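Each of the next two complexes has chain A plus one other chain: chain B in the first, chain C in the second.
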Partner chain A sequence: MNMTKIVRTTADVLYPFCLVFGLYIVAHGHLSPGGGFQGGSVMATGVALLIVSRSYTAILQRIRKEALKLCEAIGLLMFLVAALSGLYIGGSFLHNWLAGAGGLFGTPVAFGPNPGTFNTAGVVPILNLAVGLEVLGGLAVILLYMLSGLRENTP
Partner chain B sequence: MATLLQHLPALLVAVPLFAAFTLPLVGRTGAPARTAWVFLGALLTAATGLLLAWQVFAHGPLLYVFGAAAPHVPTPMDSGGIPIRIIFQIDALGALMVVIASLSSLAIILYSLASDSRHSGKDSFYSLLFLLVAGVLGMVSTGDLFNFFVFLEISSLSGAALVAYRVDKGQAVEAGLKYALLSTVGALAFLVAVGLLFAQYNALNIAVVASRLQFTPLDQIALVLLAIPLAMKCGAVPMHFWTPDAYSTAPSSITAFLVVSSQASLYGLFRILFSLYGHLLEFSWLTFGWFLIILGVLSMFIGVTMAIPQKDVKRLMAYHAVSQTGYMLLGVGVGLAVLGNAEALTAYGRTAMAGGLFHILNHAMYKGLLFLTAGAIFFRTGTRNLNKLGGLGHHMPWTMVFFMIGALAIAGIPPFNGFASKFLIYESVFRFSPFLSIIAMLVSILTLASFVKVFHAMFMGAARTEFAQVREVPIPMIAGMAILAAVVIVTGLMPRPFIDHMILPAVNALVDRADYIAAILGGH
Partner chain C sequence: MRPTLFIGILLILFSGLIHIATDLSFGQPATTDLDDYFLRHAQEHTGANNVVTSVVFDFRAFDTLGEATVLFTAVLGVGILFRKLHPGEEYEHD
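Now for the complex of A and B:
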């Protein structure tokens, strides 16, 4: 299934924006609506956009299934390692030991109503990022498998 | 070491999850590394589970608060006396289920290392298997309604994917789809019920909801929406139709664990009827007891009568699994029916429940063993059709011995463990209603008849020419079956210590609902 040049070019232009917007939603998960799953899905729609604008075989040269699966596995492992680190450092499984401790995501949250600072919330943004990676990999692989049955070269 | 013991409830889920998530990476380095990793993961998961259960049986219930600075304090100082985080609450009943899942997972993973060695796609297979184990372990240890739903979904989805894993001309895919669809509908009903409770009581923790429950009309709707999906997932009769398909087409190692996953749903059903709704059913304990009893009797009788005419050995065993679930429902149902009558409860109610809960342990062991032997025969002969099998006793002596142990145990013949739990059920149910006890014995006789037929069809007779090449199965498969067979024999020969130290504490955990709530909220 090969769409017209207009569609293909538009998809090419929009693809990086999809990824960046998805990453934005993931990264601001602890401040605004959204988070790992939502951002990861937005990034995966970028992949869907590429697939529908081109043929399945042409896409496989650009996006490798192996890389997406690796992405998924790394995301899942990152989540688990972040959770276990809380157990190791003290407290319990999933203990938020980075919050308010200074350094990475460690700025203490200001008291009272405020728009929020990016560099807060401790382990939560890391978990969001892990979930985002996992969902991007997982959903994109699912999309690739589901759309692999599309007929090639329909008019 | 002390810190490690302290974090056991978290590790119980974290270890199988870690194994599942690392497998796609380890699998890239080759088959030997993957096999070693899977084996190590299974060993560590089982060790964590057994150590945790030992802690609970020796020192009483365990709490674990996820994400808290101190994992043993359920209600933080500044929260106003209510728990705000996800809590794992493992009492004796949960620990009993953890023991079952640990032993069974170790046996089936060992078995599948050999039985699935000829197939492709092993990375995802074992990842899904560890996810299934993690889901079941989570279901039986969580003290949070929404968390229970999450683990229910994890076990259902990975279970459905595993049922459909070996495509088998589309049959397995159909069974997997059916299982996935029914599980999803059931889980959605469960989720609606959790929403109804959360909207009214602002809490998800089982103990907190239980302490606030008013039994409003919405709570009654929630009770139905919680109980029916769980009864469906454990394969009780009017909703048993997915079991024969799913159990017979899944790879045998998976079927053996699907039995445990069904029993985790049974655990959920008991937890909800006793711990969550316990005191509110006061005026209707008899009604709800009879609800379980009728489900149980229907399952027992229809399960066994459907099993007798089956030609496919795994389908036959699946109907027997439905039938055996009936015994558990009957035993615990009698306990629930007499919960308001202290005299009857001490006289026979607790014994009936002990029989029901002991049967969960026994059933997981001998039914798992039977499914593994069926898998061993399929592994060597390539067929599950009883009419095509015969004379295998000449070629597969170990498998035959294991099958005999399993078949005698399921039929309730002493000295195997099926007898120990069925005897408890017979004698206590007889004092409640002799008629029910007679049905239970009749079902046992039919079970024996059915398994004598299967044994004859598979193992007896002269050696056949078409099976001349058939040999005994590889060592890991024998080892997997031997673990389960050893448990069947030990619990059959010496049931007393198991009943005293595991089953009766589990019965008390169900009956003494106030303890469950006090563990979280403190006081009585």
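Now for the complex of A and C:
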């Protein structure tokens, strides 16, 4: 069932911030604490915030379950494609062939303690993004499924 | 089982575990070669400044692939559990 207008408005305001913060944690996983699993959980928290503030039918108008399922499948496929590209190019499964190559995510990193630059670490940010997408889709779809099992008293 | 017997067994097990735990040497691992290798060479091998991420997503990335598969399977199981029942299909105990 729908919560009060205060809760709904607060959830609407906080929802994009949750998504952006989760994306930040995912994207900077190779530089700062965090990574795919943690950032994906934060993004799914934003979806959970919408879920606790609205009824099931109202949520399905805001977010589409098919898009989240697609997110999850694309995440796992992206991981597998990145892993198999290492097998094809570098010669071993999950080989980090982009690191230090100079192209995408390939800037050579300075050794020792340094803040680092974003465009480093090779395949690692791609795997982070894949896992983040998958965790976002998976957790949100689990929450939506469990909500659909409830019998709601809609006023 | 009587409660006193249960509590007695629990106390014996607990004291045994405490006795074992006091004999362990925390903070002094037997071999540190692999840890030192990761700390020294993670930055030059993977280019990632976060050594934890470089272990999780590069040196042990196959393990992460397994974790992602576990999550995918969990979602699959929840989806099967909460599926829409066909008309006429009911649970056995109904």
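Note that the second predicted complex is superposed on the first by the 148 of 155 C-alpha atoms of A that agree within 3 Å, B and C clash if a C-alpha of one lies under 4 Å from a C-alpha of the other, contacts with A are read in each partner's own complex, and residues count from 1 in each chain.
Convention: contacts are C-beta pairs under 8 Å (C-beta built on N, C-alpha and C of every residue); 3 or more make two chains touch, one makes a residue touch a chain.
Predicted, not measured: the structure shown is a model, and the values here were computed from it.
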Partner, of chain C and chain B, that touches more residues belonging to chain A: C
Contacts of A:Leu77 with chain B and chain C, given as first, second, both or neither: first
First (chain B), second (chain C), both or neither touched by A:Val52: neither
Chain B versus chain C as contact partner of A:Pro33, first or second or both or neither: second
Partner chain(s) touched by A:Phe93 [first = chain B, second = chain C, both, neither]: both
Touching partner for A:Leu23 - first (chain B), second (chain C), both, neither: neither
Contacts of A:Leu14 with chain B and chain C, given as first, second, both or neither: neither
Interface residues of chain A shared between complexes with chain B and chain C: 72, 76, 80, 83, 93-94, 96
Chain B residues within the chain A interface of the complex: 7, 10, 14, 17-18, 21-22, 24-25, 64-71
Chain C residues touching chain A - in the complex, by the definition given at the top: 43-50, 52-54, 56-58, 61-62, 64-65, 67-69, 71-72, 74-75, 78-79, 81-82
Of all residues in chain A, those that touch chain B in their complex: 69-70, 72-73, 76-77, 80, 83-84, 86-87, 90-96
Of all residues in chain A, those that touch chain C in their complex: 29-33, 35-37, 72, 75-76, 79-80, 83, 93-94, 96, 99-100, 105-109, 111-112, 114-116, 120-124, 127-128, 130-131, 134-135, 137-138, 141-142, 145-146, 148-149
